[in-house]
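Paired with subunit B in one complex and with subunit C in the other, subunit A is shared by the two complexes that follow.
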Partner chain A sequence: MDKNEYDVIIVGGGITGAGTQRDCAMRGLRTLLIERSDIATGATGRNHGLLHSGARYAVNDPESAEECIRENRILRSIAAHCIDETDGLFITLPEDDLAYQKTFVEACRKAGIDAEIIDPDLARRLEPAVNPDLIGAVRVPDGGVDPFRLCAANMLDAKLHGGQVRLHTEVTGFIRHGDTVVGVRTRNLTTGVAEDFYAPVIVNAGGIWGHGIAELAGVHVGMYPAKGALLVFAHRVNNMVINRCRKPANADILVPGDTVCIIGTTSTRIPFEECDTVAVTPEEVTLLITEGAKMAPVLSSTRILRAYAGVRPLVSADDDPTGRNISRGIVCLDHETRDGLKGLITITGGKLMTYRLMAEIATDAVCRKLHIDKACETATTPLPGSEERSYEAVARKIWEAPSMAQKAAAARMGTSAARIQTGDHLDEALICECEEVSVGEVNDAIERLDATTLTDLRRRTRIGMGTCQGEFCACRAAGLLAKASGCVERERNGIADFMQERWKGNFPIGWGDTLREAEYTQWVYKHVLGL
Partner chain B sequence: MKFNTVIIGGGLCGLTCGIALQKAGRSTAIISTGQNALHFFSGSFESLTEAPARMADLFGEAGIRLHYREGVRLMPLGTFRPAALSLEDISFFPKPKIGEKALIVSFKRYHDFFAAFLADGLEKQGVACRIEWLDLPELEQLEKSPSEMRSVQIARTMDRIWEKVVGEIRALVQDEDIIILPQVFGLKDTSVPIRIRESLPAQVVFVGTLPPSVPGIRTQMLLKRRYELLGGTYLTGDEATDAHVHEGRVHSIVTKNLDNHFLEADNFVLASGGFFSKGLKSNPFHIFEPVFGLDVEQAENRSDWYHPQFMHDQPYMAYGVKTDAALHALREGAPMQNLYAAGSVLGATRPEFGSGAGLAVRSALAVVDQILKTEAE
Partner chain C sequence: MKLQEYTESKYNFEECMKCTICTAYCPVLQVNPLYPGPKQAGPDGERLRLKDPFFFNYALKYCLNCKRCEVACPSGVKVADLIQSARIRYDHSKPKLRDRILASTDFMGSLARPFAPMVNGVTKMGVTKAVLDGTMKIDKNRTFPKYSGRSFEAWLKRQAPAQAAFPEQVAYYHGCYVNYNYPQLGKDLVKVLNALGVGVQLLDKEKCCGIAMITNGMSQQATRHARHNVAVIGAAAAKGLKVVTTSSTCTLTLRDEYPGLLGVENQVVRDSLLMATRFIYEKLEKGAQLRFRPDFHKRIAYHTPCHLEKLGWGIFSEKLLRMIPGVEFTMLDSNCCGIAGTYGFKKENYAASQAIGAPLFEQIRNVNPDVVACDCETCKWQIEMSTQYPVANPISILAEALE
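Moving on, here comes the complex of A and B:
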């Protein structure tokens, strides 16, 4: 068998692609995942990181709500190290209609979501950051989920099941035999090398870019790119997710995550050409701050770390060009039955929350085509790193007296943190002080998680995501990358790319301490380090 | 408390100003938050190629020798920049030559010095490089804490054991023409870099590390010591919070630590630095000067403060306090009679003074001249 032949090729390294690869690999298929950039670079890494309870959809979209709460419970057990079990509040402010609370709670209960009305006083005690003027509160099982970690863990497990991954590789075309797609043409964007890969089934999991991938195959998937803008605050001001108890609107979710918290989002239709370059506008920044401060007043005086935006891959039902009948549910298209093109499946729509279910649906479709009858096991098999639920227990199992950095590593990597244990101080030196990322953890991401650039490292380890936004860790980590790759020049240029990527999220909110930090960083890099 | 001049800001600019005035027999006080741009000083005065006589004297008397030679400086990431007036332990290359050999020495587990980048930069110029990592038992204590292997901590140890380290380096030298070392020598004892240079059998080049800058902290310490020897009052860890201004004259200023006492003076110098030093602050709508509420040059629309490319010149960096030709700070369009602005609170670059350390020193001396001239009149 040719080394470039597989049972299934998955295009797209977001959470849907990674999840699908894992599921396919666990069912014994030989898989290849191809991603144009890095893992989680699209909508996967550009959202709230909210582990929905489903409550947000309960009133208007009960089907999605039921999917969410089912997956919510599954993720808590299979992806423990990616989940922050915070619970969430749906608060009613004086300007909101308290009557909605009843409708909301009833809808939640119908969908199977445990929603409990609590006294505003109790809400203030549970979540001191909440707006003290609230007149109503409902507690739900919301949480936080780290999409980078989740994506990396899925891909790692796919690899442990024999899967192969090609990052920074673009699909440039499909290879067709008559009415059947039999492979893809690709180009490695780092080396420029072109290569063909073959498989009887190809899964398009390209998110909003799936639209363009389908076009390459000559089929049309009617999509609706909806941009959402978010802000990251430099402190974790809240410990519970805070939502507004009203019809879903702009900037009404505040999610704590690691050392920060995130407010979002907005929803604006944008042209496909802008999907690669979405930027946050000053108007969006103002809206997010104003609405955010209504939920947690302290936000009006909290430093903002970054602004960013993602594009939701919404699908227009029935190819409706106006986008009126937008579904947020899962869409799995078999292009054989739909368009007469054999060998291609598109999996899209859905949400980060429901990625596993999307993967299951896509993998079921793949297996039907390959006449394989094997049950899905992803709902019960923990991801690598999640064999143990409490990170402190994990840390204590690995280290006798875990340091702060070791606890941080265990929180990020779960049981996989054992991989970075050495008896030597060599691996314990800190590369990123803001996020307490050690040499060992960076090297692990390079060796086992396919990180080849500083930005890849950021997605896997959180370097450069803290308050200094990559001031020092970029150089240190570039040193480690240079050691691993031997390509010093490329890694040095990589520092400039990395700083540019950080700046992109800083200047839309460039005032106060953010501008202060930026001045320091720009001065140091240009005049002191000589970039 | 009454002084001839009160200076807000204890960095390179404020200290230069204070020393020059003390030398001229004026009583001064400096209010310093304790953190300033000297902590990430590259060791070079970017915009200068020679020291004005007065500057050379002033620094020389503080024990800081400056030098300049045509050539290039090797930057920490392995790039080259034109030589500029520099501290004596910053070395210049007459131009790296093809066929030369360099030995780069660093420490095991030290990640703030970029030997591989330096080697790459030199090799592109035809210089063959060899990297050696010293494993010193004396650094073991630092290694135990994952965030302690930083330049200043290492420099503290090196002040004690540098002779032994030089011995180890000497044993490593084969036939190299150049030995490259991180700037972690001579934190307190300024003679150390010079003595290292004399005791090794090849040209020694000290190259910068990630901040904090050891030569910068040493410079700060020497200037402060000199200033205090001249009788200056250096208030560390304090901050000007408010000012009493009457009819365009500053009468006194209020600080965080001096509760009900005011600092009175005939003249005031604002040398409080740029954004990093909090001499300039900003909110979503304005860039402002926090102590006196002075006029600050800026684009009206926030979107115009930045260039979307990180490496491009950033408009906001050029913003600063407006002054008249004599460096009197402007408030509501009118010059304050006895308040001068100097250093990067003027903006990172001023055509007449250059940028960075050059701007700090030259504008400080210009303000001193102005104060003395006004008094004489």
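Moving on, here comes the complex of A and C:
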């Protein structure tokens, strides 16, 4: 067999692509995943990181709500190390209509979501950061999910099942035999090397870029890019997700995620050309802070770390050419039945937290095409790292008296943290001091998780995500990358790219301590390190 | 309030710029690799602890609470407070018997005082030290402070009528050390203040400031002491009295640790509470006179206790000592002596404690003074034990130099 032949090629390394590759690989298929940039660079890594209970959709979109709660329960058991089981509150503020609470709770119960009306006093005790003026509160099983970790774990498991991954590789075109797509032409964006890959089925999992990928194959997918802006606060002010109990609107979800908390989002239709360069506007920043402070007043005086925006891949229903009827549900298109183009499937729509179901639907479609009859096992098989439910148990199993960094590693890597227990003191030295990431953990991401740049490392380990935004870790991690790649010059340039990318997120909220720190970082890199 | 007009965070941890100056100034980090250092243990660790107390690191117990990190921090982060408050909030291990005994300076003092000669004899014995070392993990190399047979309080009570005759009055928070171990310092203060026309009163039954309880995991007891002390100091302040002290650590605790770590509000008494050196200096500035012996001659090396540096009041001790005719004054380099109250008594900390103080001890030997001056009793024990040079409070030196 040709080394470039596979059973299925997945285009797109977001959570949908990674999840689909895992599912396909677990069903015994020879898989290749191709990603233009790095894993989780699109909408996957640019959202709240909210493990929806489904409550947000219960009133308007019961189908999505049911999907969410089902997947919510599944992810808790298969992706424990990516999940933060915080629970969530839907709060009613004095300016909201308390009558909506009843509609909301009924809709939740109908969808199978445990929604419990609690006394505002209890809500204040459970979540001290919540606006004390609240007049109603409902407790729901919301949580946090780390999209980077989830994506990396899916990719890793696909690889453990024989899958191959090509990151920083762009699909430049499709190879067609008549009405059948038989392969993809690619170019490695780091080396410039062009290569062709063949498979009887190709899955387009490109998120919003799936629109362009489909065009390459000559088919049209009606997508509508909607920008959503978010703000990252520098520490966790809340330990429960806080939502507004009203019709979903702008900036009404505050999610605690690892060491930070995130407020979002906005929703603005943008043209396709802007998908690669979305920036957060001052108006969006003001809106996010203003609305955020209504849910947790302390946000008005809490340091902001970054602003960022993602693009939701909204899909218009196929029978509605006007595009008005936009669904947030899962869309799986078999281009053979839809457009007469064999060998191509598009999986899109959906949400971060329904990725597994999307992957299952896509893989079922792949298997049908390949006449393979194998059941999906992703709902019951834990991801690598998630074999234990709690990071406490993980840390104590690996280390007798775990340090803060070892505990942090256990929380990030789950049971995979055992891999960095080498007994070598050098491996325990810290690369990132804000998030407590050790040399061992960074090396593991380079060796096992396909990280080749500082930004790749950030997504896998959280280096550069803390308050110093790369001030200390960038140069240290670059040293490890240089050791691995053997190219000092490339990694030196990589530092500049990385710091530029960090500044992009600091810029829209560039005031106060964040500006002070950015200034200090600039001194360090420019004047001390001479970059 | 305008949105984002300013930002705030507990003990200012969000203001940390990661400049790492605190880490460079931390005396522990240089001798104990098990300690994560002030930046890690303080502002960095706080973000993780806010996520889950599970991330609390027991190595925070190696913090001396010397506050040098806070003095060094250019961003106003209360690094040491972050560390100590994390220990208070998250370290739920019960204090050991040893730590309870070491922390209960007040209680132990009142037990030992009636049997002072015997207690002093016993604690001096090698065999006692060996037993304490083996059973309690109190390091055998330590010299224990001697107990006094008569308490300072008993002495001053007998002086009360004479003291009341002075036109101006202050109250004196003497602390455990003066009361049980070294009443002479209190007597020296009375002598100096009387020479300035100031009479000295006791507070209405002060209690131990509680710093040793705070650092030994007994913050609840410390809080009870704090409430009591704020009340009695407040009563004195309400009468218009200044409350003076001779121990820098007690002073820092009463002024800053009560509100900062224990949540005991002391704003009403804070301005009335000051080191006696500052009180005396300010009086002299305003024209009061002290008459010194013409034959007084001493070479004095002055060590600023870390907590006095934190208060910013070392300058008053220095100025007073330099004012004494016949004094050859040397300012010792800023360097923690390493004992940090009960910290250095613990067997596990002994080596680190001595290593931290080593540069100070060496400088003292090089300067070869007649006496080392210092406003802290535990620094005194440490320096006397480690260098054999006598150590005296600046107040005692002032008293000795008076005519």
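By our rule, the second predicted complex is superposed on the first by the 526 of 531 C-alpha atoms of A that agree within 3 Å, B and C clash if a C-alpha of one lies under 4 Å from a C-alpha of the other, contacts with A are read in each partner's own complex, and residues count from 1 in each chain.
Note that in this section a residue touches a chain if its C-beta (ideal position, glycine included) is under 8 Å from a C-beta of that chain, and two chains touch if they have at least 3 such contacts.
These numbers were taken from a predicted model, which means no experiment stands behind them.
Novice: In the overlay, answer first, second, both or neither for which of subunit B and subunit C A:L126 touches.
Specialist: neither
Novice: Applying the document's definition of touch, where does A:I117 land relative to subunit B and subunit C: first, second, both, or neither?
Specialist: Neither subunit B nor subunit C is touched by A:I117.
Novice: Mind working out whether A:R492 is in touch with subunit B, subunit C, both or neither, as first, second, both or neither?
Specialist: In the superposition, A:R492 contacts subunit B only.
Novice: For A:S438, is the partner it touches subunit B (first), subunit C (second), both, or none of the two (neither)?
Specialist: A:S438 contacts subunit B only, not subunit C.
Novice: With both structures placed on chain A, which of the two partners, subunit B or subunit C, ends up touching more residues of subunit A?
Specialist: For subunit A, the partner with the higher number of touched residues is B.
Novice: Quick one: classify A:K483 as touching subunit B (first), subunit C (second), both or neither.
Specialist: A:K483 sits against subunit B, while subunit C stays out of touch.
Novice: Tell me which partner A:K504 touches in the superposition: subunit B (first), subunit C (second), both or neither.
Specialist: After superposing on A, A:K504 lies in contact with subunit B but is clear of subunit C.
Novice: I'd like to know which partner A:R516 touches here: subunit B for first, subunit C for second, both or neither.
Specialist: both
Novice: Kindly classify A:C468 by the partners it touches after superposition: subunit B alone (first), subunit C alone (second), both, or neither?
Specialist: Only subunit C is touched by A:C468; subunit B is not.
Novice: Of the partners subunit B and subunit C, which touch A:V528 in the superposed model: first, second, both, neither?
Specialist: Touch partner of A:V528: subunit B, not subunit C.
Novice: Hey, what residues of subunit A end up touching subunit B and subunit C alike?
Specialist: After superposing on chain A, subunit A residues 286, 403, 430, 433, 472, 511-512, 516, 520 contact both subunit B and subunit C.
Novice: Quick one: which bits of subunit A touch subunit C in the complex? Just the residue numbers, please.
Specialist: So the residues of subunit A touching subunit C come out as 234-236, 239, 256, 258-259, 286, 289-290, 293, 300-304, 391-392, 401, 403-404, 407-408, 411, 430, 433-434, 436, 466-468, 471-472, 511-513, 516-517, 520.
Novice: Which of the residues in subunit B end up touching subunit A in this complex?
Specialist: It is residues 37, 40-42, 46, 75-81, 108-109, 111-112, 114, 116-117, 119-120, 143-144, 146-147, 149, 208, 210-211, 213, 274-276, 278, 281-284, 302-303, 305-306, 308-311, 314, 316-317, 348, 356 of subunit B that touch subunit A.
Novice: Can you list the subunit A residues touching subunit B in their complex?
Specialist: Contact set of subunit A toward subunit B: 282, 285-286, 403, 405, 425-426, 428-431, 433, 438-439, 472, 475-476, 478-480, 482-483, 488-489, 492, 495-496, 499-500, 502-504, 507, 510-512, 515-516, 518-520, 522-524, 526-531.
Novice: Touching residues of subunit C toward subunit A in the complex: what are they?
Specialist: Answer in residue numbers: 1, 3-9, 13-19, 36, 39-40, 44-48, 50-52, 54-59.
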